[in-house]
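Here's a structure for you.
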Amino acid sequence: MNKNTPFKGIIAYPITPFTTGGKVDLPLFRGLVEKLVQDGSHGIAPLGSTGVLPYLSDEEREQITEATIKQVGGRLPTLVGVSNLTTERTVYHARFAEKAGATAVMIIPMSYWKLTEEEILRHYDQVAGAISIPIMAYNNPATGGLDMSAAFLKRLLEIPNVTMIKESTGDVQRMHLLKDMLGEEVAFYNGSNPLALSAFAAGAAGWCTAAPNLIPELTLALYREAVENNNLEAARQVFYRQFELLQFIVAKGLPRAIKAGLKLLGQDAGDLRAPLQPLTTAEKGQLAALLEKCGKPVILPTGAV
Amino acid sequence: MNKNTPFKGIIAYPITPFTTGGKVDLPLFRGLVEKLVQDGSHGIAPLGSTGVLPYLSDEEREQITEATIKQVGGRLPTLVGVSNLTTERTVYHARFAEKAGATAVMIIPMSYWKLTEEEILRHYDQVAGAISIPIMAYNNPATGGLDMSAAFLKRLLEIPNVTMIKESTGDVQRMHLLKDMLGEEVAFYNGSNPLALSAFAAGAAGWCTAAPNLIPELTLALYREAVENNNLEAARQVFYRQFELLQFIVAKGLPRAIKAGLKLLGQDAGDLRAPLQPLTTAEKGQLAALLEKCGKPVILPTGAV
Amino acid sequence: MNKNTPFKGIIAYPITPFTTGGKVDLPLFRGLVEKLVQDGSHGIAPLGSTGVLPYLSDEEREQITEATIKQVGGRLPTLVGVSNLTTERTVYHARFAEKAGATAVMIIPMSYWKLTEEEILRHYDQVAGAISIPIMAYNNPATGGLDMSAAFLKRLLEIPNVTMIKESTGDVQRMHLLKDMLGEEVAFYNGSNPLALSAFAAGAAGWCTAAPNLIPELTLALYREAVENNNLEAARQVFYRQFELLQFIVAKGLPRAIKAGLKLLGQDAGDLRAPLQPLTTAEKGQLAALLEKCGKPVILPTGAV
Amino acid sequence: MNKNTPFKGIIAYPITPFTTGGKVDLPLFRGLVEKLVQDGSHGIAPLGSTGVLPYLSDEEREQITEATIKQVGGRLPTLVGVSNLTTERTVYHARFAEKAGATAVMIIPMSYWKLTEEEILRHYDQVAGAISIPIMAYNNPATGGLDMSAAFLKRLLEIPNVTMIKESTGDVQRMHLLKDMLGEEVAFYNGSNPLALSAFAAGAAGWCTAAPNLIPELTLALYREAVENNNLEAARQVFYRQFELLQFIVAKGLPRAIKAGLKLLGQDAGDLRAPLQPLTTAEKGQLAALLEKCGKPVILPTGAV
């Protein structure tokens, strides 16, 4: 196999900001994307869980896809989320992303009714057949409600343009199994923030993360030490510096925590879309303390966030 | 408290049939609703999980809401599903259902990002404030991804027009806790088919079920013996007659299993919407055998379904 | 099949009391057994989980076996717990119980290393072959660490003197499956206190419970209404009267809760064996309130218990 | 804190072999211990789960304790398992191990009745107060039935001679939490074989493992590369060479799998104690293939094992 896997390192996930009137704030979104590019990320992934994909209308998804690709302007590869409950809508958005110039698309099989493996396979197959760019298959039972085993993911990788796997169960054994089953042929990516060190140790090609919105330097340093420098001792030290923050943003929900963190750092981040609500004042205080432990000076008082 | 709880007994859930072209087949849908009414159900609940609510567009939901209410024509109370990931869309559909003449609406708090209890409460509160008809709050972590405790449901019931609870965790202790906490003031409904006997024993006011599409007589007989006749021995016997079928339709997914069952019984049931796929031939054979054990003569050969 | 199943109704589990010096208090134990007999239980089951079987030496088990059988004196059937991690020790105690005059023995397959089904089957087979009295197979993953499926229990019942099943997973579906698979041929017993109503509704032959130590009248009334009188409405009312107490004694651990409850009711109940410790003062206060809700006057102040 | 933590690297767990008559085979046991010492392990830990501690009588435990210490003869530190359901028996065996010359003891809080945190703390405190040598607290909910959180383990480490933690939940986040909470002051050891790479990456001081019975070179090489050489790339490669074997021996149960493996490698390993039974012929064939992938020539045909 000689798969097209255009990502490595730190793949950064922007949030989707809303105006107080409840609309997507596109100028602000483009500013957030620009910052991720400037801060050194290796790829940009809009419309992920962090970007509250499932809470957006078709039209909003299209606007964000176009805004991302225009803003990145070819400086980095882009990975656009196109998941949907129905196959028909997933095909639609995958085609849109391809035409708009996305480098690749990410697809999580979304479950309301639990899907059988045959249904998941057919879903990916139909989307893959409708586009030419590579697909990253995303496994995250906590949000998507379905768990794809390593053996099943091996089958999925037989579809020519399904070339990458994002693993977010939070269990490093899944990555061991993937690596063991697929050897050098698989590019797998870690989607579980607190597992970042273990995942690179296990051989992950990259880390899909919203953390670069808040601590880009530390996420890049972990990749550099663990992978580029092969320095486990240094990687461990830089990992433990950010561990508590990584835990916090996952525990509180990435859109809520990243938005609060950006405001604490003095950046505009817009509103959330209901039913999602901001962190409490106490939670913002915890986050402020964690950011400062990571060497990020907090600008605004938590009460003002 | 003197809550408006307009349902008791067997609340029947129609499937949503699709044409081979992938559109909602409204005439067929109305036929399926009519059959549920004719067969003696005590209420009709379109746009539930069985009706693949989350796979439908806004316009399709509106068509099904109107078609149901027109077809039922006031002969029975109607319970229309209006759940959505965002609060704004839930309010929209709740208002639509009320204007269309629904007796009540059912709302499950849908999760992509896990919601906090405050977010769920606010979500219900905003929807409840926008309509005047009663709301049935629906707890089903297996499909909705959120689990509302008995203590939290008690809080939810403080909202004036949240008057009913549908419990679908599959754990009868939840019903015991609800009954114990809320006494005679709560109307709770069972949404877990294989728990039907235990739920009536525990004091459930009704059974929300897709089973009447296939075995209306047996579901009605269970309610009659367990509740109206207070005859536990007879209720147990009628329950065990349908137990394996109830297990099967849940295990295979209600839309898939009900559609296959209807066709085996000689009724048109339309197509599923992808990614959902029909039962396999072997599964249809199992279902045919179970229907016959329930005293329902299978008309079509399983290969032809 | 025409199985020897010598139990029905309320099978009562005595605790094992210890002296302050840490020895089994045999005279006190006999008094507790006598009270269970006098209060109308339908069977007596020493050396269960309530009787802290796994915390006792071989010699202590033998003393309790003999004391129970002597005290009951043939007035009721006795069910003696003989479980052990090794097959050799289980055979030893099963033979001892038979010689001492036990009506039947109860065996839970104890797990440190998870046993395969073949190992469990062989374990039961070797014990069953060493005795002539009936065996009740006990499924309780929460204490024993192994979960025997309904299909496996069906295989186990092919051993001639394995005639009864005690189901304690707390999931009523297991009882439905057992009843459905084995029909009238199986005698299954409920070992999960808060499931008592559902279990009788599902067709359980009896309820294995420590609750008669504290509320014998209510446990007997539930059996009478649900089974003998076929009066579901009355059974439900008597169940909800004791529901909170049943929940409490399970949540706190039966040996701790029963001992505290007996003392609150004015009866001596001895000490626990470490590492088990008495309930806290706050917990004793809760228990006192629950006993009074069950119509049991609390005699001692909770501070003195 | 300046804790006495006498272990690092590979701490090897011998099995307990039995004669065909069912007795502990002490001469064979000493031979197995000698081989672990000769093969380069950094510590010897008899009477662990691998050594089927809970299936042994008091006298057998004493014999194995003495045999280990005599055979090791001070060449390596020894870690003797002394766990028991009751506090009294745990104190007894801890004292015996200290008198016999053990370097340290390992204690898992064993659960039949779930223990409260206060009960676990008191249990450790009473044992710790009865001896002067260090204690390794062992967390393994899968075998012991209790799960001690990182926050609770921090409390436990306040007992002066509780100095080490063995973490076997299989979740690397637990190690991250321990390291994060306790910093350089804690020595934690990994007890989950397939987690060996992640655990060293996370900062584990050692690996408690039965694998050195079969593949001592590979286990030592992992420690050398990951910790001594700080070479993550090399550590990853040596980890994936042994990954499938590590998974297999855990999945099949260590006593069963190690015994079968030793025989395949041409070494006597005695019998198991019932209810534990040997691997099936098919399983032995799988194990033989895995050993050969690890570079260990299999001597006996699987049928003869």
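Think of it as A, B, C and D in the order they're written, each chain with its own count starting at 1.
Going forward, contacts are C-beta pairs under 8 Å (C-beta built on N, C-alpha and C of every residue); 3 or more make two chains touch, one makes a residue touch a chain.
Here the structure is a predicted model, which is why all the values come from computation and not from measurement.
Common neighbours of chain A and chain D (chains touching each): not present. Fewest steps needed to get from chain A to chain C, stepping only to touching chains, is 2.
Distance between Cα centroids is largest for the pairing of chain D with B.
Inter-chain spacing, taken between the CA centroids of chain A and chain B, is 35 Å. If you average the Cα atoms of chain B and of chain D, the two centres end up 52 Å apart. Look at where the CA atoms of chain B average out and do the same for chain C: the two points lie 38 Å apart.
Residues of chain B touching chain A in their complex: 22, 49, 52, 54-55, 85-88, 109, 112-116, 118-120, 122-123, 126, 143, 145, 253-256, 273-277. Per the touch definition, chain D reaches chain A in the complex via residues 170-173, 176, 179-180, 194-195, 197-198, 201-203, 226, 230-233, 235-236, 240, 243-244.
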